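Worksheet: one structure, shown below.
When the chains are written out, they are named A, B, C and D in that same order, and each has its own residue count from 1.
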Amino acid sequence: MVKKQYAFYPGCSSQKGATASNFLTSLDVVVDKLGIQLNEIPDWNCCGASIGYGEGGELPRLVINARNLALAEKELPGQDMVSGCPACWLATRETHERLAEHASLLAETNEALKEAGLKLNNTVKARHMTEVLIEDLGWEALKAPVVKPLEGLKIAGYVGCQTNRPFGIAGESFENPKYLDKMIETVGAEAVRYEQKVACCGGALAFSEPDKSQKQIRDIVESAYDNGADMIVTPCQLCQANVEIYQSEINKKHGTKFSMPVVYYTQLMSVAYGGSAGQAGLDGQVIKADKLEAVAKK
Amino acid sequence: MTAPIATNQTILVVGGGISGLTAALEAAECGKQVILVEKTPALGGRTAQLYRYFPKMCHPTCGLEINLKRIKGNPNVKVMTMTEVTAVAGSRGDYAVTLKVSPRFVNESCTACGECAKAVQSEVADAFNYGLAKVKAAYLPHAMAYPQRYVIDPSIVGTAEGEAAKAACKYGAVDLGMKEETVQLNVGAVIWATGWRPFDANRIQPYGYDRYANVITSVEFERLADPHGPTGGKLLRPSDGKEAKNIAFIQCAGSRDENYLRHCSRICCMATLKQTQYVREACGDGGKSTVYYIDIRAIDRFEDFYQNVQKDATVSFVKSKVARIAENKDNGNPVLHGVDTEGYHRYAVEHDLVVLAVGMEPEVTGLREQGGLPADIIQDSSNFIEGSKDGGMFGAGAASSPLDVNRAVQSATAASLKAIQVIHKTASTEAA
Amino acid sequence: MTTANQNALAKYKNNFLKEVEANVEDGHWVKMCMQCGVCAGSCPLGPHWEHSPQKLFMMIRAGKREEVLGSDSMWMCTSCYNCIVRCPRKLPITHIMHGLANYAHRLDLAPKGQPTRDIAKLFWDNLAKTGRVNELKFSLAMYFKDGFGQGVKNAMAMQATGLGLLKAKRLNPMEIIGGHKCKDISGIKKMIAKAREIEDRRRGLA
Amino acid sequence: MADNKFAAYICSGCGIGDVLNVGALEKIAQKEGKMAIVKNHPFLCNAEGVQLIKDDIANEGVTHLCIAACSRRAKAEAFSFPTVAVSRANLREGVLWVIAEGADHDEVRQEMAEDYVRMGCAEVKKMTLPGGNLKESSSKRILVVGGGMSGMTAALAAADAGYETVVVEKSGELGGFANKLLKRVPFSGPYAEPQPTGAANMTARVSHHPLIKVHLNSTLAETAGAPGRFNAKIAQESGAVAEELVGAIVQATGFTTYDIAKLPELGGGQANVVDQAGLEAMAKAANGGAIKRADGKEVKSVVFVQCAGQRDASGVHLPYCSGHCCATSIKQAMYFKDQNPDVDTVVIYQDLRVPGMGEDFYRSAQQKGVIFTKGKAGRVTGGDNCKVEFRDLILDEDTSAEADLVVLATGQVPSAGVNLDDWTATVTAAESGDETAKAKKIELQKTSVLNLTYRQGPDVPQFKYGFADSHFICFPYETRRTGIYAAGPVRRPMDMLQAQEDATGAALKAIQAVENAARGRAAHPRAWDLSFPKARLEGCTQCKRCTVECPFGAIDEDEKRFPLFNEERCRRCGTCMGACPVRVISFENYSCDTVGSQIKAVNIPDEFEEKPRILILACENDAYPALDMAGIQRITYSAYVRAIPVRCLGSVNTIWITDALNSGYDGVMMMGCKKGDDYQCHFVKGSEMAHYRMSKIGDTLKQLGLEPERVQTQEVAITDNARVARLIDEYVAQINEIGLSPMKGFG
């Protein structure tokens, strides 16, 4: 069958050996089963993430993102840009929209891009992987490849911030988006109702303000436990890292016994679609997602 | 039904709320022929669903009684209920109007004796109480309903219950064979008194109206406070029927917000100040009202009402747009999160009940398809009616701007004269 | 005092609002705030702010330049975007906070040693070097930003975490030598330099 | 006129026939009611039943009929027979639906129904069909007092509807306050920019309108007469007096701005501190250029202080908010910004009040760079460098702003003429020979706007804070001086948009008044009423109670101090009838007799039967509907009460009470609406008066040897369906407590 083509922007954290490498691993099975072809944007660069502003300022941030858009425009014409990482997506989409809105900024941007031998017409649409799955394929298509429904798994869908605000998924509310729960149910698991669905994990401040952001993380994990979740699932690389990695810190500081696995929605899909634990990147968990591995081993 | 006689000397008033009633009566009491059409089964509109008015704390039904008496005593006004305008053709001084009359399944013979209701068991949502209660599927819309005639809900037509209702009526008033009808009229001028509707609170996601039982709207609160309402006037909260004593009022719920309504709905501040006095009436010194606001817009003479409420020890004011509402799972209390901007004080407080002072939007929006307004109508950015291009149709009351009752009546009275000007001009030019 | 700061002071005298409108990302929105405070209540790190966004906007209108730019409040922004989606006047508050922080940083009026400020700089330098972020170097840099001794402490403190990632092959020791990078590094460097130059010119900071 | 023929029609529908002995009711109508024709019908309100009645009117010459069926509030259209006198005996809502079911109530229920039939017959016998009082010579011209925006709007609105209009303006030109404005706030989308006032165009239209006559430099020296025949004497600059015969009056006399000299703490009177009117003058002088101060200096910074001398709880300044000032300051700040964006404009407000689409106007000002600061101004000092000290309520600190100019947003003070409470007090004092009062009366007279020759004083009553507003939320034009309607800022603080709407509404009411007067009909709230009070002057004792107590100033006194009724001013409430100690005042269809005969018609059981009889006199607007709706909701109450609806408790004549007690009633309940400041009475003081009169009845009761409890007055709201039933049962219990009346059998 004809595969859907997208200009793929993996983002730094998804690179081999980086904090979200397991996301990329798990994505392979998913795109394969769903007939999606991801064409990596050649020589893409970092988006500046949400912390880039401090030193980067406005125009330099716009410019580095414009470079990726320009590369996609040039090398992969006619393809939407899709990113797996909310921060990458957000920065790129913001750039796309602000340059569309302000001609002067676009001119300045191109003046800078010229230094890298590029020009931006700003024609590429920047999208997030979840957007593509839901809007371009639809729930039926996402359900079709399920061979190992994740029966009995109780999962807390943690949407977090940047896949949800300010753009979000079409038709979803900022306060109570339902698409992640729907994904959980699509792969045969049970979606847990809890309060922290769209709470912030502290984001980039996990490094600079550990106590403050770990307070956020603690609330999230606690609430997941209180509502009987076996694991947390998220579409966000930074959320995944923060919520999983710092549990040990929190345990140390507060004597809690957190050991709540945090996985990507693609890992759920990968397993449900018949992928092995390895293919689902489950070996990449700092806190092992045993129940999910068990299904994978079935 | 037979279409009433109408000519280019007739004024059509669309909407039987306080504005429509006023527009119709003021013209009729000047000797003009008026046809008053109302979408629902009874006149009175949203004011009839209010418990008290600000600032006098008097009862809207008192004025309604007088207006109904005026209607009963005035042959110049022809009332058509369950009727909607579906099309308007022609122009100033000579309009051809198409009306859709929905079946009531009860004819003029009804004496309101109530036997049909006794014969019926199944219930439907009580529109008069904003769905907070249920009524029999054969019902009188409310105690003061005019026309004083029962309604058979379509849901039981064609069922055994429908037949039972028919059998129970000694007067042959139940007519299950009624069909929707289309009526054509010629009129000289049209007054659109189509009123307002409360903004859909579900859309204000941070406040969780769709998720938390104890977050309700200001119009629902009116029904709770009303002795004729579903709780007999007790402030019982939905989740557990407990009496609510500590109540939060959130202003600008939808209004003054570019995510929802651009405009300020004008009435909500006074409505809330009034409702804090419902709490006092119900709970005395044991009650507690907290008003979360951006600006208190107690305009002109109403200022003294505001000053008196400020003196009330049970009422406090917080200058803050509440950021979000969570729910205390243990007791069902809504928890309000936000910041008091007068000096920056953060709060996270529980209340028994939250009342959203929802904004007003026009009941009939800008939609041009059936049931919408004719293309000739000029509307502002919030779809309120500014007038018509040909100057023969007028907005009145809350259809023209978010207005309190007093100003809606003022607006309707003015609209009435503008309509009279139109038909007088037609008459004089025809005479000439 | 930096020359940038002197220039700004000279140019805008006592009209801080005009300065913000001209020099701060989305600063022209500040005047549209109606002081409802929904942003203040929506921020996850709100409790740690000295001044909430809406209050900062009022302070800007009141010309409290040093207090605003010297504040560490906007450095508390986690970029969660709650304030943006709830603002009834549709102010891009998150961006304004980023803009204020960046402006304060450029004029060197931002608090010294403000951790987010320092890390933001490290992060940017890190990505500007190769075009991509090198997480290991970035983390190490973070640990050692306050000197060697503190660095060791930090590293030890985070050892469990680090080892965890290492085990999970999500932290690659080989990154210390080389690691991911873009091909056209020089182009990227020139491009960023140019962008900075244009922006500074526009803001009169050059 | 043909002989009277009386008929009674008893409906046995809605279960009446199942529960009541209709045959017995018929007999009573014949024997006791003396009805020539008595018929019953199983469904009287349907076409056939109604036709039965119509035929008897046509063929049998029936002139008076009593319909014993449902409440008078039900089936009004079906039972409308305009050519005959009609009474309604309320068997359904009044008996069937409120008396507990079951055999043990059959007897008392039947007795109650029989009494209502007796009452219905007795009432109709005393009624005559109101003929109305058509006036051939009635004037349909409209007088508009005041030539400002409100006045001009009213004049044009009436004239465009085809009514001749006379405008009286005290100044030398039309336009009023609007002439002082550079621009006005926008009335329609996009609500972003100040707009031309349009005063000039309007002035031109008014001046050239064929149906409008304008008197400039003129005031009202005297206004005599009544709706349809007001005679206005217009004093002109020349000293000449013109006379205009008009049918109704719109008072659009506007407002004056609150004097900033009264605000020294806010810099009032100091250099470069002006009010909004002052700023308009400067803006007009600038004529599109930079706005300059008195000293010629160009204004580079301006601070607007909102609520200056308004919303004042201390009682020193205006307690109210004038509504328009926030938008006005926004507009004025735009004057500066539009001319030069670099001018610093700061608005210091407590609550920014720009309702409706005004929110967009506010946004537009912010967009233009106007700074809004929530704060409370403390001290303002004028001079070359003005300073406004204020509390910044957001930053929670005392601070100050310096500016070239300070604008104080002061309020509107209505020009409503003489305060009638003040007037009445002065007149009473003057009449008792108080010299200073006499002098004051002359001074007050000078301040009058209308100079009405009414006994109740020269101007319209003021509602609150000197505004000539209506007391009613549902009826903003419900005036206390029939045919005279206040419009614009004299009625209530308002902006130009509302004023123009208001003036249009007032013009309609004026048109209505002249039409009603011509037809000899009452005005709102009894617009359909063709009855009017008649007095048998030969019996009058000139006690003046009627003239004093008429809430609408409808009754003057002739030189011999006999009452002079101006029926066109009359609202048919019957207060005069209730006031009259010798009972010489009556309406065709409502009189001491129509009610008195009902009271007497009730069958009073002797004391041994232990069946008390309690008379209820219920206000027909609130209490009677409440009783009715108790029935509709099937709330039961005692069968010992007999309810009679009255137009207003003010119309209750004490003779009814004494007659009732004399004839053996055990108690009388009077149910009226709320009294006091927030009174509900559409006839102003009816309820209050009843309470007052009943407080006086104590002596009479003593003479009769009766307990004071035997007469009770209650405030009843229309929503009191359940409460009214409770009140009745409690009162019955109380009466049983004190025992039955000793007067039985003497009546």
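Everything that follows uses one rule, which is that a contact is a pair of C-beta atoms (placed from the backbone, for glycine too) under 8 Å apart; a residue touches a chain by one contact, two chains touch by 3 or more.
Here the structure is a predicted model, which is why all the values come from computation and not from measurement.
Shared contact partners of subunit A and subunit C, listed by label, are B. Centrality by C-alpha centroid: the chain sitting nearest the overall protein C-alpha mean is B. For chain pairs B-D and B-C, the one joined by more C-beta pairs in contact is B-D.
Centroid distances from subunit B, each centroid being the mean of CA atoms, peak for C. Remark: subunit B and subunit D have CA centroids separated by 24 Å (rounded to whole angstrom). Each chain gets a centre from the mean of its Cα atoms; for subunit B and subunit C, those two points are 51 Å apart.
One simple way to say how far apart two chains are is to compare their mean CA positions; for subunit A and subunit B this gives 47 Å. Per-chain CA centroids place subunit C at a distance of 65 Å from subunit D. In subunit A, 174 are the positions where the chain touches two or more neighbouring chains simultaneously. With touch defined as above, residues shared between interfaces to two or more other chains in subunit D number as follows: 352, 374, 394-395.
Multi-chain contact residues of subunit B (touching two or more other chains): 206, 256, 319, 324, 341, 344. Interface note: chains touch in the pairs A-B, A-C, B-C, B-D, C-D. Residue ranges on subunit C touching subunit D, taken from their complex, read 15, 17, 31-32, 34-35, 54-55, 58-59, 61-62, 89.
Against subunit A, the residues of subunit B that register as touching in their complex are 205-206, 208, 211, 324, 326.
Every residue of subunit B that touches subunit C in the complex is listed here, in rising order: 206, 252, 256-259, 294, 319-324, 337-341, 344, 346.
Put simply, subunit C touches subunit B in their complex at residues 34-42, 46-47, 51-52, 54-55, 82, 85-86, 88-90. By the touch criterion stated above, subunit A contacts subunit C in their complex at residues 12-13, 15-22, 43-46, 48-60, 62-64, 67, 108-109, 111-117, 161-162, 165-166, 174, 199-200, 202-205, 207-209, 212-213, 216, 245-246, 248-249, 252, 283-286.
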